[in-house]
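Notes follow once the structure below has been shown.
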Amino acid sequence: MQADRSKYPELDKNGNPIVDLSSQKYTKIWQGPNHPGVTGNMSLELTLSGDEIVEAKTHVGYLHRGFEKLMERRLYIQCFPTCIRMCVPEADSNEYVLAASIENLTDIEIPEKALWLRTLVLEMARLQVLLRTVPGQASTLSLGLGGQWGMYLRDLILDRFEELTGGRIYHMFIIPGGVRGHLPDGFKERMEENLKGIEEFVGKIENLIFNNSIFKKRTVGVGVIDPSWVSKYGIVGPNARAAGFNRDVRKDYPYLKYKELDFEPLVATDSDIYTRNVIRKHDLITTVDLIRQILAKIPEKGDIRATTPNVLHWEIPKGETYQRSESSRGEYGMYMVSDGSKYPRRINLRGPSYTHAVSLLEKMLINANIADVHSIMVSLQTCPPEIER
Amino acid sequence: MDNIFDDIQKRFEITDIVKQDKNLNFLTCKKELTVSLITHLKNIEGFSHFVLLTAVDWIEDEKFQLTYILNNPDKRIDIGIRTYIDRGTATMDTAHHLWEHVATYQRELKEMFGIDFPGSPRVDEQFILEGWDDIPPYRRDFDTLKYAEETFFPREGRKSNDPAEYMKKKLYPDEEK
Amino acid sequence: MSLKNILTPFIAWGNITKDPVTVKDPLNERPGAERYRGFHKNDIETCIGCGTCEDICENQAIDLVPVDGIETKDGDSGLRPMVDYGRCCWCALCVDICTTGSLTLSNEYTWVSEDADDFRFIPGVDKKSWDDNEKGWKKPEGNYEFYGTKRVHMPELHAEDRDKSFIEFVTGYSKQQAEEEADRCVECGICVATCPAHMGIPEYISAIRNNDLEEGLRILYDTNPLPEICGRICTHKCEEVCSVGHNGDPLSIRWLKRYIADQNPSEKYKEILNSENVENNGKKVAIIGSGPSGLSAAYYLSLIGYECTIYEKLPEAGGMMRYGIPEYRLPYDQIDKDIDYILSLGVKIEYNVNIGTDITLDKLKTDYDAVFAGTGLHLGRSTRIPGSDHKDVFFATDLLREISLGKEIQVSEKIIVIGGGNVAMDITRSLARLQNNKFGKVDTTATSLESEDIMPADREEVVEAREEKAIIDPGWGPTSIEIENDKVKGLHVQKCLSVFDESGRFSPKFDEKNTKFFEADMIVESIGQGMDIEYISKETRDQIKFDQRGRIQVNEYFQTGAKWLFIGGDIIQGPDVIHGIANGHKAAIGIDKFINQNG
Amino acid sequence: MSDNNNSNNKEDKFLAKENEKRTVTGPDGVKFEIDPLNDYFCDQKPEVRDPKNKVVEKFLNWARAESLWVLGFGTGCGSIEIPPLMTPRFDAFRFGVQMRPTPRQSSVIIISGYLAVKTLKRVIRTYEQMQSPRYVLALGSCTINGGMYYDSYNTINRVDYYIPVDVYVAGCMPRPEALLAGFNKLKERIKAGRAEGANEYAEKFDWYKANQKKIIKDWNMPDYNW
């Protein structure tokens, strides 16, 4: 789509538009934080010429709680309930990367069963998020029905979470050293029933959303990520896979039990909103399959937690590490520095949204139509709390 | 992996190589050579994915440690590059020209640690905080609890007792220390 | 765009005949799951108010508050956790670490209020609708512990290697073992008040973890100048109340104390404890008896600058610690290590001086500014049953003293020990060793009034005695000693049903039909000891107040009615090293006050 | 108001560029000065609304209680439970609760958990833009006493110091069912005539403003704006 640049501002030598608001040619509007068209609590400062965006700035910090500071004054075990709030919709990746970082620095051997349970929880979390975002992409175009269905199915997965972990949103299940519970009786059967429902749902949204002419019109060829941007903007996960890069932490750096599971991420090249959503739908199908595989392989007996030192004065050896996992949005990593004391020296979280929703979004929105802003944001699957933490 | 080190060790004065994981290494580089090392790794060695940039405050040594983590997606290896800068002046060469999102990281470091990256786009704009007028909050000498207690009206009326002290007081009321 | 793309979305109309999935009455139809982490419950009877929940709470949501109707007693702080739901995040770490397992979460989750101050409550005390919910989060089963519940085994000699000799059989922790054991501590501090000397137990355990044993020694000497001795033979009341012991083995606090003392060389004590330059204040205090209370008083007084002189009746210092406790439990060189340090501070000691005969108490009164008496319980108490005045019937204290003095004592082939306390175990095990040496076999039986579960002796003493092939047969009350031809034949006993009455007073009840006869040719009585205060002159004794049962009355500083005379130790608080040490410390403070007041 | 002028007169390093005094040229070429903070906002203080007729008021309260229009503003983690609440499983619409995209149409604002200082500023503006009577539902520990961010330098500890709160719901996060219970409580309160948050805000306006200004350092907006 080559836009007519004649009405756009001159560019300065760095390529930035020279926008003179007083010239009355431009409108500046703020989208968010109190706006139904933003994902979560963040805002966009958009400069428009007509209905096309000439300049976009992402503003974050509305959800800043200073976790990285707070965790510096918490024991390692106390970091565990704290850190999971860094990304609300998919809290389990936070738990996992924290536990993995601690375990990497201390060389604790995690029991087999705990590893399987961790894998299960991570996949359930992915399923739960994708049930929200895949039909949610259509909801941005006011095609809300799929979203209503997906939200109901997601709630059933949350019920399974509640049974297994004791919590609906914040599961606090993957604790440093292991996990916090065994599979409840009858869990597999109830889960299987939910998975069947989800498979049926995937078939339905195929017709309801992916074959929908409105959806196609509004998403095919819109919000394109150029493949050359992938390394330039640090794009990961489904967004990179839609642009032709097979990037999946589960395959590339197999952690937990992913080596023993059979799955293949989908890679596409069109790299528009539609393709990204197809990739996510494929992830959803993969995840359903993975959960079946995990439930079949999970050992009946075994410990759920390794023996650790007394958590009240657990000192982690001096060192630093970076541990990653594949969240539904892509590579999710934690950089941890320990100075050998009971408190972490520094914990830094690398969420995919950090690059997706700031530098990439600012780039993608230029020349976009204002009506597509919401779709583009949702297609990048931005999660504001992990940007500012 | 090791041949990369052999190669760069000659050109850049790197020290303290720590093999943390089978595909994760940390090394220390001098401040002046860091950006050129990163450029080298990106352009020659295929470390095309920039993972993160962050700082660690070693207040006792009067130093900030900056950590750049780079990833080679083809060979699937990570390198963490540490560099130490003086805490008082806290300035570092910008690397925003290598990846677009580095500028965001540098903006955050400017705001949260007070580390300046001259030349980095929008580095002086507020990123996360709004109207912050105290010392940068991620610095170790900023006491967040004290700040919160002084600023945010915690709900009053809470009082806790230490079991040991309380028991001594109760069981041996006429003892004094 | 094909026609298909326009028509397929209409499949949604297929749902028009389906039942809605909506929950009809969400408030009542959806209880939380089996393990849901809802609101807190606390079994306040089981809770001991140790505050571990408070320590682990990352949100400072838990306060420990006093509760009406819950008394503070040993092992129970009387405090209960109050939860602030303006802070809680329902992570349930408090449940997982709860030492007694009293704290759980229910599966109730609805609490709305117009007043923000409502959300603070004491679970279990403030009645809530979810108190009886069976479901909710409990500590996960299986291997899921936040702190070690198994005690690190103390290396000791095997029964075969130790049952003939008097060498110390407990060999002490290694560095790794000590740190591992110290790691189990949750630093609640429940033990501190229970310890008569209020030792800084969590602090010195923390010093072991931090590998700062010099700091550990300083903490020990703050309240206890005999750590080597206490680290071996203390009655460790602290371990009985240890909160970790509610769900697992209690911490072996005594062995950890011993570890600190063992690891610090005696020659560095002065430097570590910073006691090299103590200024003499010119005041003098006399101390009668070099037992734990006397030594403790001397230590703390000399630290403030007093010149202390100890008068000891026996040839070596240590009192009951040396002459009442067998060497296999407390080697003499360790006693010397502690005592030598105290003496190195300038404390003088006069051996073989008997107050009352060699020097009178009144002379001490005039020569010194104050007198502390810790003369201990050296007189054996008799059962006074028929035959107990026979020459082959001995008191345990006498025998133990003789063994320590190196004298040969009578050892027969069949021995009965009457008593179930630690002294009885000491003499039983000592005699068993001597028998083993002399005859190559053991035939010593200890019998006590108390049944096995309420025997006052430490559990491990009983176990170890049995390992050494002594027989422990508790629950019998002695009735008479059979004597034939002026030779002891044995002991008649009857079954003891209960020792104490409802109000806890000593009033044993017997089953007279159920009797037994123990064959023996030597009998040792070990049912308690008495004090000897003959050395106190008549007029002084008139000033001292006694209660109805003949016990000396003292104030909180162990000061008697005669203001210059302080009495402490076993005489006041029964046979116990740590009480003696605490008494000595308190008395030292009291003496300092008394002398300062008198100018 | 005098305070507004203050914020204009003093050199404010946080003042947004759009709010600065400047000269602009109109489409017809005429130049004129604008002072956004004074020109663009109404600066009238809120007034206490005193219902004259008790019977009518009772009827109105019943009507208000049965149709709670909630502003769709997710201020914290709690907003994650709003979508399930509004979708088929819990279907809050049947209880008269529905989401609105703009403060002008809403009567209820949900403070869903912690409030960062930056969000608080928006929440205050939003709250002031809502029509009276307006109600505040506060979710989770964070709104009561700081929750797990009690020691954070960027989140407030209690909401009731900045805007009046009607009902608190405990939880972290409160489940949709608990939220529905919160709405029931709010209805009860409105029907009983106790939900007078808007009047309270007007009565104690200076106190609320002082609290707000204590923590919002870049106060580059008028004192009252709607």
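For reference, chains read A, B, C and D in written order, and residue numbers begin at 1 within each chain.
Methods note: a residue touches a chain if its C-beta (ideal position, glycine included) is under 8 Å from a C-beta of that chain, and two chains touch if they have at least 3 such contacts.
This structure is a prediction, so every number in the text was calculated from the model and none was measured.
Set side by side, the interfaces A-B and B-C show unequal numbers of C-beta pairs in contact, with more at A-B.
Taking each chain's centre as the mean of its C-alpha atoms, chain A lies 23 Å from chain B. Distance between chain centres (mean CA atoms), chain B to chain C: 49 Å. Each chain gets one centre point, the mean of its Cα atoms, and the points for chain C and chain D are 60 Å apart. Chain centres here are Cα means. That of chain B falls 36 Å from that of chain D.
Counting partners per residue, chain C has 21, 58, 84, 86, 89-90, 116 as the residues that reach two or more other chains.
Each of the following residues of chain A touches two or more other chains: 61, 64, 66, 69-70, 73, 81-82, 152, 170. Listed for chain D are residues 88-89, 118, 144-146, 148, 150-155, 158, 172, 175, each touching two or more other chains.
Contacts between chains leave no pair untouched here, as each chain touches all the others. Looking at the complex, you find that chain C touches chain D at residues 20-23, 26-27, 30, 39, 58-61, 84-90, 109-116, 118-119. The touching residues of chain C, when paired with chain A in their complex, are 1, 4-6, 8-9, 11-12, 21, 32-37, 52, 55-56, 58, 89-93, 96-97, 105, 137, 140-148, 183-187, 206, 209. Residues 14, 117-118, 121, 144-146, 150-158, 161, 211, 214-218 of chain D touch chain B in their complex. Residue ranges of chain B in contact with chain C, taken from their complex: 155, 157-168, 170-172, 174-175.
By the touch criterion stated above, chain D contacts chain A in their complex at residues 18, 22, 24-25, 27, 71-77, 79-81, 83-84, 87-89, 101, 103, 114, 116, 118-119, 122, 126, 148-149, 151-155, 172-173, 175.
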